[in-house]
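Both complexes shown next keep subunit A, but they swap its partner, so subunit B is in the first and subunit C is in the second.
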Partner chain A sequence: MKVRDMRGLVLPLLMVGAWEYASRQGAAGAYAFVPLAQVASAMAELLGSGELLINLWASLTRTCTGLGVGIVGGIGLGALMALCGPANRLIAPLFHALRQVPMLGWIPLIALWLGNGESAKLLIVSLAALYPMVLNTFESRRQVEGQHREAAQVLMLSRWQQLRLILLPAAVPGIAAGVLQALAFAWVTSVGSELFLSSGAGLGSLMMNAEAAARMEIIIVCVLCIGLSGYLMSWLCTLLSRRLLRWRPNR
Partner chain B sequence: MNAIAHPLHPSVDTGALTICGLSKTYALKGRPVKVLKDIDLNIRPGEFVSILGASGCGKSTLLRLIVGLDQDYQGQILLDQQPVRGPGLERGIVFQDHRLFPWMTLQQNIALALKNHVMPAAQKDRLVAEHIDLVGLRGFELAYPHQLSGGMAQRAAIARALVNKPKVLLLDEPLGALDALTRVRLQQELQRIWIQERCTVIMVTHDIDEALYLGDRVIVMDANPGTIREDLPIDLPHPRERDSALLQGYKQRLLGELVGH
Partner chain C sequence: MRLLSPLSWLISPLALLTLWALVAKAGLFPVNLLVPPLEVWHSFAELLATGELQEHLSGSLSRLALGFAGGSLAGLAFGTALALSKTLEAYCAPLFHTLRQIPSIALIPMFVLLFGVDETFKVVIVAKTAFFPVALATCEGVRAIPRSHFEVAAVYRLRWTTLVGRIALPAAVPAIVTGVRVALTRAWVVLVACELLAADSGLGQMIEMARQMLRIDVVMVGVVVTGVIGFTLDFGLRRLERRLSNWQSR
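After this line comes the complex of A and B, so read on.
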């Protein structure tokens, strides 16, 4: 890796340094900013006991399941709204109204219906992934230029062939952008739902328990873990979409 | 002109296009605007017809009607005595923009035109390869459209239109978006390809040189509403020399007519 690729590490390292410096400013400093050595030992402790991996795994699987549901449902609903005018006129007002309610605003209602178990969290994550998928799938239909449709007509492609060979590939860039957004929303709401519905495994639950026990070092470990995993997932997703979209000129 | 068109080349006996009393009206802000009025045109099999006119004379609209993308018109369009209804593979078209599908390679783009032909895959592959050769793009089979230059993309579009062996090839200002040098080179290429394929070609253009260099006939159109002003036979065998005295003479005359007033 070249030196210039490492520039992204400069700010995080500065922040770590500042944190450590602050933690050494007397008892008050150590109270507000837990020393890094303590964070490291908490990390070792959580890894050793398997607690970190179990909770991370729980959050990740929920994110992926919800993301999967959201992607499939979102592409389906978005395509229906894009391709069928009456369906769009019927669904769009309700969809856009519901979309205004923040994801975490659904939690009280869903908790009353489904309790605070896994199904409630999964529903929230799936909904969070659904919105961007519907929007992006719907919008990507406009990317199919009339010119491409005409070319397909002149080549006498059937409706099914047009859908499969023209409309679908033309929608892939939009759908890929949707997946990238949906992934971020799914990950955030997955952890967020654990904070509100803290039962069962998950990084959010681990954080809530650590807060109750005043273990700041564990909270820090969780925060780092959430940030890094999210970053890694969207990086993987970007790689995948570049591979799928290799026919596009590079930006 | 004879009522029944005689083929221009003995080997070609299909691809006769007859247009009778063709008119087309658009609604513009609720008011009808006549873009084509009483067009009569008889095109013989294997003939290369250039349609020349300023922008807005309805020449591109005429091609859209012939290719079947627009079926709302008055009058008749007959291909080999059969009325034309909607698009069909016996009519190919090349637009000013290449309209290749960006997610397909050059090869896939051309093969798409053969999608609904019933023939063995090996034969399709052979046809695609032949036509890539024909337009001089061998070696670029796996390139995506964004990797091709404008001229190359337009060659690919020509190959895609020809791979079906259409009776009539329609060219809608196919070289209009290219730089001057590429355009001249592709005009020569078009002439060579046409001599080889000998299908009927109707090319819309606003370039006088291009119309004269390629056309067996040059149809000059007037605008508002679009009508045929002149039907000029260019009696000069192909392949032609660009600087032939006959072509230069016609050029002066057409320049005078189109821009002179």
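After this line comes the complex of A and C, so read on.
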């Protein structure tokens, strides 16, 4: 096991080495491949001035707010579509048509209508979180077991009791899976929207400004930060859903 | 009611269209902010007639084809190798799974600095986007081939070509096609995003230029065309997917 772990490190170290080597090949190399020491000092500088934390915090808050809106709206809309046939007929065609447009494709249009401030970004992130939530909530009605349905009929449960005791618990795992997807979408879209509408705080705006100033080291710090936070958030979310779904019999 | 049911799907899109036309006509919003649907249609026709739309579209699609072909073929090769070789897995898997976590969109500024704003950067980023899902799906698809299949092949002393063509490929292909579908959808999104940020041609650039000139009608045409292309790509591969995995349910 120990040896195996070491082997996984060979390639990353080689890449870092090649990067450092390329950075020493004249001015052109140092422009694109910044030396590692510079990346480290940029990291220290961004952390020291609090710039990284402010922008990270802005991106995270936006992601969480958008995710919250998307989750609530998505569960509501998905449940409505799953439980009420006519509503499904009315909403589904529009929903699936609008869903085909890539999230970032909406940005120019939304920016024209709402400007490039916080509300436009929040709308885009919420929409990105909404789609997977609606789909997963809608699909999870199939997860209801036939036996449970029959039991509900035998016990003559009212519609409300059916919803509370049978449909909702059956839908929870599907919804949890939806939240995990929605989180990933919301995070990517949040950063993406900041790249386009690079006013205000956010990791994307920080990167865009760094690109304009050709400061590769800041971009690298941002990319690392984005990857790491995305990974940590989905890890936390998985942990949480596993804990909340303990009651489920293992299938 | 039952007779009407196939048509009832059309109610809400038509209602939205009518509402849009009415609100635009009523003049609640300035015309340059809420363009009437008919005018959007006219600009679509105009863009088609002048050939502008086709030009941008072919620019975007050829980038997509080039980058996607490169990325997915590399992903296919790498995924297969990763599934078959324990040594390669030990060396490459940790790096592979780490890099997989980084969203392509976040890499755009970095790639711009590395490759410039020209064609290379877009093709590379499309290839990168396509590579990871295809490699992952291929790796899992190849790994999921039951061992017993190989044992049967050994018992029957099948030739290598028969083993790959008749046993390994049919077993792994459905998973791979699913990966390819995911990769293609993502690659399209990322390409349009790249063109919005930095390009001299392509659908994204058309939208961005129109946005800067406040031509909402052209922006809308672009958004709709982007959606239609994305849908068509996904739909085509979904059909293929269903076709290739037909034998499984039997």
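By our rule, the second predicted complex is superposed on the first by the 215 of 251 C-alpha atoms of A that agree within 3 Å, B and C clash if a C-alpha of one lies under 4 Å from a C-alpha of the other, contacts with A are read in each partner's own complex, and residues count from 1 in each chain.
Everything that follows uses one rule, which is that a contact is a pair of C-beta atoms (placed from the backbone, for glycine too) under 8 Å apart; a residue touches a chain by one contact, two chains touch by 3 or more.
All values derive from a computational prediction rather than experimental measurement.
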Inset, instruction - Could you tell me whether subunit B and subunit C fit or clash when both sit on subunit A in the superposition? - result: fit
Inset, instruction - Applying the touch criterion given at the start, work out whether A:V72 contacts subunit B, subunit C, both or neither, answering first, second, both or neither. - result: neither
Inset, instruction - Answer with first, second, both or neither: which of subunit B and subunit C does A:L94 touch in the superposed model? - result: second
Inset, instruction - Decide which partner touches more residues of subunit A, taking subunit B and subunit C as the two options. - result: C
Inset, instruction - With the two complexes superposed on chain A, say which partner A:V154 touches: subunit B (first), subunit C (second), both, or neither. - result: first
Inset, instruction - Pick one for A:L123: touches subunit B only (first), subunit C only (second), both, or neither. - result: neither
Inset, instruction - May I ask you to decide whether A:L114 touches subunit B, subunit C, both, or neither, giving the answer as first, second, both or neither? - result: neither
Inset, instruction - Answer with first, second, both or neither: which of subunit B and subunit C does A:C64 touch in the superposed model? - result: neither
Legend entry - CA minimum distance (subunit B, subunit C), superposed complexes, angstrom: 17
Legend entry - subunit A partner contacts - residues on subunit B that touch it in the complex: 67-69, 87-89, 92-93, 95, 97, 99, 101-104, 112-113, 115-116, 144, 146, 160
Inset, instruction - Using the touch definition up top, name the residues of subunit A that touch subunit B in the complex. - result: 147-148, 150-151, 153-158, 161, 165-166, 169-170, 172, 246-249
Legend entry - Residues of subunit A defined as touching subunit C within the complex: 4, 7-12, 15, 32, 89-94, 97-98, 100-109, 111-113, 187-188, 191-192, 195-196, 203-204, 207-208, 210-211, 214, 216, 219-220, 222-223, 226-227, 230-231
Inset, instruction - Flag every residue of subunit C that touches subunit A in the complex, lowest number first. - result: 5, 8-13, 16, 33, 90-95, 98, 101-103, 105-110, 112-114, 188-189, 192-193, 196-197, 207-208, 210-211, 214, 216, 219-220, 222-224, 226-228, 230-231, 234
